[in-house]
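You will see two complexes here that share chain A, one where it goes with chain B and one where it goes with chain C.
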Partner chain A sequence: MINLTIDNQKVAIEEGSTILDAAQIVGAKIPTLCYLKEINVIGACRICMVEVQGARTFVPACVAPVAEGMVVRTNTPSVIKARKLVLELILSDHPMECLTCVRNQNCELQTLAEEFGISEIRFDGAKTEYPIDDSSPALIRDPRKCVLCRRCISVCTNVQTVQALAAENRGFDTLIAPAFNDKLADMECVQCGQCSLVCPTGAIVEKDDVDKVWAALADPKKHVLVQTAPATRVQLGEAVGAEPGSIFTGQMVAGLRRLGFDKVFDTDFTADLTILEEGNELLQRVTQGGTLPMITSCSPGWIKFCEHFYPDLLDHLSTCKSPQQMFGALAKTYYAKKEGVDPADIYSVSIMPCTAKKYECQRPEMFSSGYQDVDVVLTSRELGRMFKQAGLDCSNLPEEEYDAPLGISTGAGEIFGASGGVMEAALRTVYEVVTGQTLESVDFEVCRGLTGVKEATVQVGDLPVKVAITNGLGNARKVLDKIRAGEADYHFIEVMTCPGGCIGGGGSPIPTNTNIRLKRIDATYTEDERMVLRKSHENPAVTALYEEFLEKPLGHKSHKLLHTHYTPRGVNK
Partner chain B sequence: MAECACNCGEDELTKQLDKIIDPYRGQPGGLIQVLTKSQELIGYLPKWVQVRIAEGLGVSLQEVYGVVTFYAFFSLIPRGRHKLSVCAGTACYVKGMKTLIKSLRDVIGVKPGQTTPDSRFTLEIVRCIGACGLAPAMIVDGKDVHGRIEPEQIPEILEQYA
Partner chain C sequence: MKSLDELAKIRENRREALKIREGIPSATEKAHVMMCGGAGCISSKCTDVVDAMKESLSKNGIADQVQIILTGCMGPCDMGPVAIVYPDATFYRRLKPKDAEAIVEEHIMKGNMVQRLLYRSPGAKEPTPKVDDIDLFAKQKKIVLRNNFYIDPTSIEDYIANNGYAALGKALVEMKPEGIIEEVKKSGLRGRGGAGFSSGMKWGFTANAKGTPKYVVCNGDEGDPGAFMDRSVLEGDPHSVIEGMAICGRAIGAEQGYIYVRAEYPLAIERLDYAIKKAREYGLLGNDIFGAGFNFDIEIRIGAGAFVCGEETALLKSIEGKRGEPRPRPPFPANAGVWGKPTVLNNVETWANIPEIILKGADWYAAIGTEKSKGTKIFALAGRINNTGIVEVPMGTTLREIVFEIGGGIPRKKQFKAVQTGGPSGGCIPAEHLDTPIDYESLGEIGSMMGSGGMIVMDEDTCMVDIAKFFLDFVVDESCGKCSPCRIGTKRMYEIIDRISNGEGREGDIELLIELANTIESTALCGLGQTAPNPVLSTIRYFRNEYEEHIKDKKCACNVCEFKE
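And now, the complex of A and B:
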């Protein structure tokens, strides 16, 4: 242990820790901007400067290691003066558009300016002028608002291993962008939006489609229906000011109804359906010698990642569409017919914790109903804004139930939102279907949690089923490289693009960090336990869907509506 | 998307480029050496070269481009036959480097970072070249140092470089 003094408080901490870590123990809050725990620790912005006795200059607390006998002062007048200077310099090249910025009141730079009482900027110099890149259906880059903290680069390069962004040029001309300032839409960016989740300002944000939804709701000819992704019910609370881990399922349904949606349905329903299609596909591959391991296909960022970086492994992907797109295809066919609505009049909205879903719904394969199957995707953040605009106080809304039939679901559908959830849901069904026996416990704890790569062998009848579960694309890469090398003997792999799974998706409320992810995961399994039905094959609405419409899993209609194909894309094209 | 004007498919230049890349294949650490040698070969680093290097070394194009644009030494545009490097170190700066640049611009018609349309000169600004006693100074083609330059001497100096 290293002993030091911070603001006259004695503190002991493990060797290798930083001054910032030590300060947290004694309750000294050191401001940070570029720092992002475990992801971006580079000491770039200098807002965390502190005074260390005997040091020649101020030192950045986020990267400076503690030393025995060190005497640190975090808040002397000269430290505060220096921090204000740093802030003023950053702000001198920042467009003062706070009132019209999507990150208004949820911006780390704005918060710092407020905390430090910045009332004027003494430096009136040149401003960086770069065009906004709104080429992507999911994300908007506005480099003018960038503070060059490099969090987006770190998360894209180290966590997701996509490397769509890098720092170009130097000094005042530094620009965080794809090479040759290419458009995000035209390169290997997978649209996962993790960059938008970590950006301290509004330099990378989701493309806001709220107005499209308001317009549809205002159109009396439109039959506007909505599906809500599993993770959204454990996120919406945060987006409207509640504590992380709050479950707002019934309130969200009530609120959506008050916004004027004609039907409030649930992606959990098609998550259950996915299990039946994907589970049968797995059994077919195992028994008929198909490509193994089979890999899940629910996560559109992962699909795009595989198309760009592992096009040789596309045969391993399940051909199942994601639950969102299965829902979209059924809403404008099965539901339209059942309800007697012209599919041309249906406007299908989905609420997702995800930016890549905005991209997915526009893919050319996603028109199997004869129309764009899902018309528009809103992230949890956008839905939060819509609720605020409408003056809906979620905490005080009475809980309501989803509409039938596309709103009926099980706990298995619900856990799709957390890393390991798709695998657990699949195991619950595959086990019972194959063995004909009832599971003693539906809880497959081995699937759960934030570990990057989880592996397990589950005995299903005579077959020991080997599975792997990854979250975060950097972890997916580890398993994919094993497949490439012929060293993977798994049957089934679940890949989720974002760390923690969809509950940590790029469209999640900001902030999203490890602690908050864990709370959302807990909430997800709490929801699962609250459900009467917890296995996808017990969903009565899914059974009815097969009886009335699809006939059987992997049948002709399923093939047409619920399955898809992929496009090898490569990189640097 | 290689925007190579020389039909690079199996072209001689590509073969030579691959010879530069080969010893570093799969080694991201060799990036700067490869870029340096590639620029020596081709004169500058167009997109197709950067893509080939990125794929050869196993790094992202973003990383390659980031390094290329960080160092003033690397160029994204074709260079002229002669490189005019005007020193912008402190001594040269105070002794009239700005006037020198303006005079050069008046004569050759391009700004720093640009190449004349006849590909004769590329004008660039460099950090201190260590010839402070000769300020304001300029190095041509990385070897000929011209010091205490007066604007009227410029045409005479440039005449030496066809």
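And now, the complex of A and C:
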């Protein structure tokens, strides 16, 4: 333990901790900007400066380790003045566009300006002028709003290991951008949006498609339907101001109806369907000698990652489309026919915790109904904004139910939102289908939690099924490298692009951090427990779908509508 | 190299062959011509002189009795090309190819010095032929540049002849690692790369740090514009750096060294590369050096060129092949250097001191210099001064001695105004402080710093606002852009100074500059930002009236700044 004094308070803390950690113990709040716990600890912004007795300069609390006998002052007039000037400098190179900025009222820079009481900016010199990059269907980069904190670089490089972003040029001209200043759409960026989740400002944001949805809703000819991803119900509450971990299913459904959607459906339905298709695919591969391990394919960022960095392993991917795209394909075929609606008039909206889904719905493979299967994807953040625009106080709406049939689901579909959920759902079904016995407990605890790579062996009848579950692409890499090296004897691997799975997706409410992820995960399993049906193969609507339309898993129609193929893309440089 | 005896044998043999350079005439050789091959003399075409001289020697049939050797920079670059002809130790300057014939036929063949090519002190009627008598050199003390007059930088045996590798032998055979560190500590040697940290302490921290392997790194990035001290050492005496690093390797328990040299120094790289090969050949690098069971080798890393890559943490990143950007310290390189391993990083000039300290002892070294700054320091003189070039002087020499005695004062009878020390982020020191004995502390007290040893002299025609703007422009360009105070703050300072120098200065600008400067100094991440405001702060401190004139009267007394209409 290290003993030190902060603002005249004695504090003891473990060696290796920072001044910032220690200050938290004594309740001294030190402002930060570039710092992001566990992700970005680089001491770049210099907002967190404190006074340390005997030090030649001020010291950045976020990176400076504590030392025995250290005497720290966090709030002397001179240190406050210095921080304020640093912030004033940052603001002097910032477009003052809060009123028209997506991050208005949810921006760390803006909050700092307010907390510091910045009332004037005395510098009227040059400002960073780089063009906005809106090439990507998912994200927009506006370097003018970038404070060069490099959180995005850290998350993209260290967590996702995509390395799409880097610092270029130097000095005042420093730019955080795709290498060689490529457009985000034209390179290895997997559109996961983790960068937008950690960005403290409006410099990387989701592409806002809210107006497209308003336009469709306003069009009387359009039959506008919406699907909501599993994770959205444990996120939307936050997007409209509720506590993290709030379950918001019924309110969200009610809110969507009030917005004017003709039908409110649930991606959980096609999550259940995915389990039937994918579970059967797995059994087929195991029994007929297909490529193993088989890897899940519901996370579009992961698909793009594999296409770029592991094109040689594409055969390992399940051919199943993601639940979003299965839904899209069925909505404009099965549902259209059943409801007697012209698929040309259907406008299919999807609410996702994900930016990569915006990219996915535009892929050329995703037009199997004869139309673009999903017309537009809104992130949880965008739907939150729509609710606000509509003046809906969703928290106080009476809860409502999803529409049938594409809104009927089980707990297995629900847990798709958390890392390990797809695996757990698959195990619930595969076990019962293979053994013909009923599972005593449907809870596969080994699948759950935030651990980067989870492994388990589950006895299914005679077969010990070896599985692995990864979240965050850096963790996927570990397992993929094992496969490449021929050292992986798994049968089935679940890969989620984002840390924690979809509940921590790039389109989630901001902030999203480990703590909040854990709360959303808890909420997800609570929701699962509340469901009457918890196994995908028990979903009556899915059974009906097969009877009325698809005939059987992996059948001809399934093949056409629910399965896809992949494109090796490789790495540009 | 397996023993001290073996080294001694090479030394004695070679000394015998080089006696002529100690002034002892030789039976077989008529002369050794040490032609300066430093950058300055190369650019004033010393190689043409060499060619002409060779031609003349052949014509006269004595090519085999005269050696011509290209040395490292001898110092007085503005007089280049310069040469010393042994055994007389005659110093010639401003040589042209057409002078070669006279030197060969008159001096070398007949023993008549060529009067018109000799050095004359300012105002003196008679020339000073012998290099040791020349005032310019007499006031200097050569420890680091000890070999530049004498050895062929491409000859390891020349280096050995002048006691080269004897220190390494002593360290390996006669000393313990702790003893080496103790000796370096006691010598009082402080880093010559700028910060002036005790080298012995740095070695001690690294020796005690957890983690293996450990590394030894030489910082040869030398990014200060106009500085070429390190270059002169690397080009003129590469083995002195290699030997210093090997000694450190023994002291801290490292087997691998890296020398980081900027790509702009191709000759230094070539000389080093050759020297490393030779050292390996002689068993002075490699395995079981001096039979002491000590292995050490060195690799060269070529720098990407940015100024900030000279900052130690940036340099370490750059060695690893990453973008050279500073990171916060701690951890210091002593604990987490190259590849996160304990690393000693010292400057070229620091390294070149080590062999002399080990050989002659800490007490000898500590007797030179001031109380807190020991030994000598090389400075690069530039600007409005008669003798530009490099000089090595004992710490504690006053600025006046350097500028007026060694440097020969200000040309064209102009008045001295200020001298800027410490490179682009050093401060400008006015005449009232000329008698300051230079050391790390005293320069800091008067608002400047030792830095790596740049010294730019300004005369009465220099506008101090313009000068501050010039230096600021450099740091704005060279800021790596990682931390906000430096990236944006220096830019804002530049913009303010720019408007002042345009006649658009505003009331309060001086105070705003000071406020910015103080904050940047106390909040920037690395030394670049922390020192960047020095030129501005020091010129405001000593020449505030010039700023006020520019702002209030829209006047530049030196007629340097052009005001907008």
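Just so we're on the same page, the second predicted complex is superposed on the first by the 572 of 573 C-alpha atoms of A that agree within 3 Å, B and C clash if a C-alpha of one lies under 4 Å from a C-alpha of the other, contacts with A are read in each partner's own complex, and residues count from 1 in each chain.
The rule is simple: a contact is a pair of C-beta atoms (placed from the backbone, for glycine too) under 8 Å apart; a residue touches a chain by one contact, two chains touch by 3 or more.
Values in this document were obtained by computation on a predicted structure and should not be read as measured data.
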| item | value |
| --- | --- |
| Partners on chain A (chain B, chain C) - clash or fit | clash |
| Contacts of A:A179 with chain B and chain C, given as first, second, both or neither | first |
| Partner chain(s) touched by A:N572 [first = chain B, second = chain C, both, neither] | first |
| Contacts of A:D93 with chain B and chain C, given as first, second, both or neither | second |
| Touching partner for A:N169 - first (chain B), second (chain C), both, neither | both |
| Touched partner set for A:T287, first chain B, second chain C, both or neither | neither |
| Partner chain(s) touched by A:N396 [first = chain B, second = chain C, both, neither] | neither |
| Contacts of A:S119 with chain B and chain C, given as first, second, both or neither | neither |
| Residues of chain A touched, compared between chain B and chain C (which is higher) | C |
| From 224-232, 278-286 or 530-538, the chain C stretch with C-alpha clashes against chain B | 224-232 |
| Set intersection of chain A contacts, chain C complex versus chain B complex | 166-167, 169-170 |
| Complex contact set, residues of chain A against chain B | 157, 163-170, 178-180, 571-573 |
| Complex contact set, residues of chain C against chain A | 306, 308, 323, 325, 327-328, 330, 476-485, 487-492, 495, 512, 515-516, 519, 521-525, 530 |
| Residues of chain A defined as touching chain C within the complex | 42-47, 49, 57-58, 60, 63-65, 81-82, 85-86, 89-90, 92-93, 122-123, 125-126, 147-148, 166-167, 169-174 |
| Touching residues on chain B, where the partner in the complex is chain A | 1, 47, 50-51, 54-55, 60-66, 69-70 |
